[in-house]
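Next come two complexes built around chain A: one with chain B, the other with chain C.
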Partner chain A sequence: MSEIKKLIDETGAFDCVECGKCTSVCPVAKVDTKFAPRLIVVKALEGVDTNLAQEKEMWSCTTCEICNKMCPYKVDFTGFIQGLRSQAHDAGNFPVLSQAGAVQTMQRIMARGSKQNRLGWLTPDLRVKEKGDVFFFTGCAVQLGTIYYDRAVELRQTPASIVKILNSAGIEPVVSNDEVCCGHDLIWTGEEDLFIKLMDRNVETIKRSGAKTVVFSCPECMRTFEVDYQEFLGDFDFELKHISEYIMELVGEGKMHFNKGDSKVTYHDSCRLGRHLGIYDSPRELLDEIGLELVEMPNSREKSACCGVNAFANCSEISKKLQHDRIVEAIETGAQAMLTFCPKCVVHFNCLLNSPKSMTENEKLKIVVREFGNAIAERLQEGG
Partner chain B sequence: MERSVLVVGSGVAGIQASLDLADKGVIVHLVEKDPSIGGRMAQLDKTFPTNDCSICILAPKMADCYGHPNINVLTYSELIGLDGHKGRFKAKVLKKARYVDESKCTGCGECLVKCPTKGIPSEFEMGLSTRRAIYMPFLQAVPRVATIDREHCKHLTEGKCGVCKKVCKREAIDYEMKDAVLEFEVGAVIVATGFDVWNPMVASEYGYGRFPNVFIAMEYERIINAAGPTSGHIRRRSDGGEPRTIAFIQCVGSRNVQLNHPYCCSVCCMHSTKEAMLAKEHKDDVKTTIFYKDMRACAKGFYEYVVRAQRDYNVEYVNSDATVQEETEDHNPVVSFDVGGRSVRKEFDMVVLATSLVPRATNAQLSKVLGVQLDEFGFIKSKDRIFSPVETNVPGIYVAGYCGGPADIPESVAQGSAAAAKAAETLVEARVFA
Partner chain C sequence: MSDFEPKIVAFCCNWCSYAGADLAGVSRFQYPPNARIVRVMCSGRVEPQFILRAFELGADGVLVAGCHIGDCHYVSGNEKAQKKIEATKDLIDQLGIGSTRLRLEWISASEGSKFAETMKDFIEHLKGLGPNPLREASG
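Right, the complex of A and B next:
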């Protein structure tokens, strides 16, 4: 019980006035009548349920954080869920993982320190360094593109695209074979001990490189560094930057030029980049810079809808419904493609688009969902 | 030593303070930035918990104020400077040119119907109807004189037109009028500048500005008013139809730490109850629902008022915060709320948001002019919240009404009287020690 009390303190849950605004905006609660963010917190507050760690409902949360943003009293519901999941894991309460937990298994293997060839995507034309000011944290896009080759094979190109972009501005980033997964999915499914191992390895790798700035393309990696790592380790002395912010800086310095495109796209604010990190403007400025016309969906920025799944846990018909609604919203804008930085959003939306039409009951679900970094690289001016 | 007081703001608090002082024989300079005195209370339809017609009980006080031999009413004016100290302040007031001679205009309204520049959103009607370039803000405006809006007037902007001058039989129109700076000495100052209505467009979860049939409470007050833009018929923005179901959402932007409005606005439990009752009085088959966080009906007769709404007016109270994230094809807003941890969605014909009432945006500027401190939210700070509620950090400057923090009409009136008593005390002291 004391662990719950600590959690109540840390997340400001005590301030909950039980107004229910979180429920009214929660995407899961709209579909799942058994789930509401405040119910779990209220049970903890009232001390009625002393066996909260056994609660199955906590795995339904997609941790999209819309409840946090809308809560009048700033209760950190998502943080509460994260803490609770760690206790649940210790108590033997596990979620159902997609692909029999393939992604988590991969992360566990990395945490145990096996040999790897993480830079297999590196081609001779890409210029990278072993030590330097700018570290590019590649993330697991290549691995995801391999596991989900049927729906998001383009993710295998993402790190190469980002390096190509940086090279065009004369920047040779550090990339490292010692980099491992950031551990995002492990901390969100409660495996804190393995998460810490991954964290320590990554931070040591970055420190060894002497980097002053770490650039991320994957919103989940960046959120994990910015929030979770710094919570464990205190503030870093290197700067964390999202690629969209970094490119806009380079554009401002006149170091980067793009061929202007002419297609219409819509932009999906992934929860990690948007609500968790507050980065809404730079991806939009970037779209303007590469000459793509942005058509906004009604639910955008801090109200952005959810891709339906977090950490590949508890994917269900509810996830499918959320994906379906978001895709319909994107199609209704008249855009040819929906761009997003989060590789997992790309996987999840394409999962819906690739599923048998009898399942979605809609023949008209046709839109391209693409990873943003690859779309930028295509517009690069050679020698620019 | 000055036997006069400056009152800034002529809402119900400022009016009360002015009348109290004037009746004691004190000269009052009442400064109002709008063309008419009356403030927010003049915009309201009814008052709670008695359901009195708001303007009917305020208008006599407005008229008393304007006609009082001891009150110098300066409308369309702003305080721009204050020097000196308690007992002897030197005030500088900018009297904006209204291009109509107040002493000649009889308020006959001839110019108001002839002015060709139409379609300017009416500030008093919360933008729900339009006015012309020469206008009187509302029917019972005091002083009952017209004002030319210099931004829109064709003659003042382009040198054309001149219709109002032609039709005015009293020759009251004066396009050559200039802004004037008036200076006078006063012994004390009372600040009663009221509140701004928070704009819920910044919080996209309420759909205001996105869905046509979502209104804010101040708009609703004008809609149900017989003298309002729809002559008292409740009408939807999308099709002009009369709603059969209305949802009222409480605490929109107030009691919200994220928006730095952690305070309770102190009036919305009551005004929404009143508005729900009135809907039923206007049309018997209207069904109203109020979504609330906590029911804070604490003052005398307030809880009974809520019970009456439930019993006699069939108002449904739902204990949940609510949001409006979607609408149907025929523009019916869909309200999402929480029933025992279950997410429920319900369609309504109209939604009224009880928005937070916030400090005036101009308070920062005013605090510089007066030297008074603001509290952490931007309201004017009292010297001591318990024993000196109407005193500010500057001796001789007092505060009354909502500009000092949430207050309803009776509280604002009480504070107006309290500030007047304190100001009078200052004048007596000044006379004794001069």
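Right, the complex of A and C next:
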């Protein structure tokens, strides 16, 4: 119990006034009547359930952080869940993982530290360096595109697209074969020991490259560096930037030019980039810059809806319902495509669009869900 | 490397390859005992995770064996297996395990000798490669 008490202190859960705002905005609670964020905090506070770590419900939380944003007393509910999951893992309470846990196994294999072969996507026309000022953290987009070859194969292109974009502004980023997964899924399923191994390896790789700026395309990697890594290691002496912010800086300096498009798109704020990191404007400015007309969905920015699954844990009917509602929202805007930076959102929404009975075939044809980086690379002006 | 005996996890489908392995046994075809056979109902049941987990736990090679294309008891399970194994080969290559440590073979219930030959050949190949790199990398 003392560990739970510590967690209550750290996350400000003691300030909870049991108003139920969190439960009323929670996307999971809307569908699953058994799940309520407030109930979990109250149980912890009152010590009613001494066996909180054994509850299966905590794995249903999508950690989308909408509760944190709406809480009048700023309780860090998502942080509470993260801590609770770590205790649950130690107590032998595990979630049901998608693909039988292939993504987590992949991360555990990376944590072993044997030599990888992860730069296969690097074609000779892409210019990269071994040491330099800008480090591009590629993340696991290629691996996810390989595991989910049937629904998100375009993710295999993402790192190449980002390098192409950076090259067009005359920047040769550092990419490293020693990079490992950021460990996002491991810390959100409670495996803290392995997470620390991955963290140490990544930070060492970046320090060795001498980089002053680390650029991310994946919102989850960026959140993990910005929040979780700095919590363990203190502030970094290198800067963390999302690719959308970085491109807008380069555009401002006149280093980058795009062919203007004319199609209508909508933008899905992934929870990691939006609510966790507060990056809402630069992706929208970027859409304007590449000449795509943005039609907003009713739930956007701070109120953005969730893609339904976190860290590939407990994907269920509830997740499918959340995905369905979001896709319907996107179709109703009249946009041809929904763009998002998060590779996992791409996987999850395309999973719904590929399931035989999720929607009518006619509805499915109205929208495509695409990775943002690839969409930008297509609009690059040659020699720009 | 002469004393290195590779460990193989072999997933065999119930309808063809497991019966093929059985036939190899009753026909007394000799092949080295390096494989641990896991019976699955269909080669299409073998998920990437089964293969990754086998390598994580120290297997040197993984063999997936199913019915020949067109002969699948469930019509097209082996076609699904083919796609999955292709993607998994790519993935284990990226992870540095090496795609040749994973093999997909079509072995029918009447091909006991093919089963024994496949095993011999795979074991020779793995002896050339040496142990699974994850075995030495402890973290």
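One rule holds in what follows: the second predicted complex is superposed on the first by the 375 of 384 C-alpha atoms of A that agree within 3 Å, B and C clash if a C-alpha of one lies under 4 Å from a C-alpha of the other, contacts with A are read in each partner's own complex, and residues count from 1 in each chain.
Operating definition for what follows: a contact is a pair of C-beta atoms (placed from the backbone, for glycine too) under 8 Å apart; a residue touches a chain by one contact, two chains touch by 3 or more.
Quick caveat, the model's predicted, so the values are computed rather than measured.
**Q** Between chain B and chain C, whom does A:R38 touch in the aligned arrangement: first, second, both, or neither?
**A** A:R38 sits against chain B, while chain C stays out of touch.
**Q** Looking at the overlay, does A:C64 come into contact with chain B only (first), chain C only (second), both, or neither?
**A** neither
**Q** Touch test for A:G113: chain B only (first), chain C only (second), both, or neither?
**A** Once the two structures are laid over each other on A, A:G113 reaches chain C alone.
**Q** Mind working out whether A:L7 is in touch with chain B, chain C, both or neither, as first, second, both or neither?
**A** In the superposed model, A:L7 contacts neither chain B nor chain C.
**Q** Looking at the overlay, what does A:A100 touch: chain B (first), chain C (second), both, or neither?
**A** second
**Q** Identify the residues of chain A that lie in both the chain B contact region and the chain C contact region.
**A** None.
**Q** Show which residues of chain C lie in contact with chain A when the two form their complex.
**A** It comes out as residues 47-50, 52-53, 55-56, 83, 87, 90-91, 93-97, 133-134, 136-139.
**Q** Mind listing the chain A positions that touch chain B in their complex?
**A** 15, 17, 19-26, 29-30, 33, 36, 38-39, 42, 69-74, 298-299, 301-303
**Q** Which part of chain A faces chain C closely enough to touch in the complex?
**A** 99-102, 105-106, 108-118, 120, 142-143, 146-147, 149-150, 197
**Q** If you look only at chain B, which of its residues touch chain A in the complex?
**A** Spelled out, the residues of chain B in touch with chain A are 204-205, 210, 251, 255-259, 293-294, 320-323, 325, 336-338, 341-343, 345.
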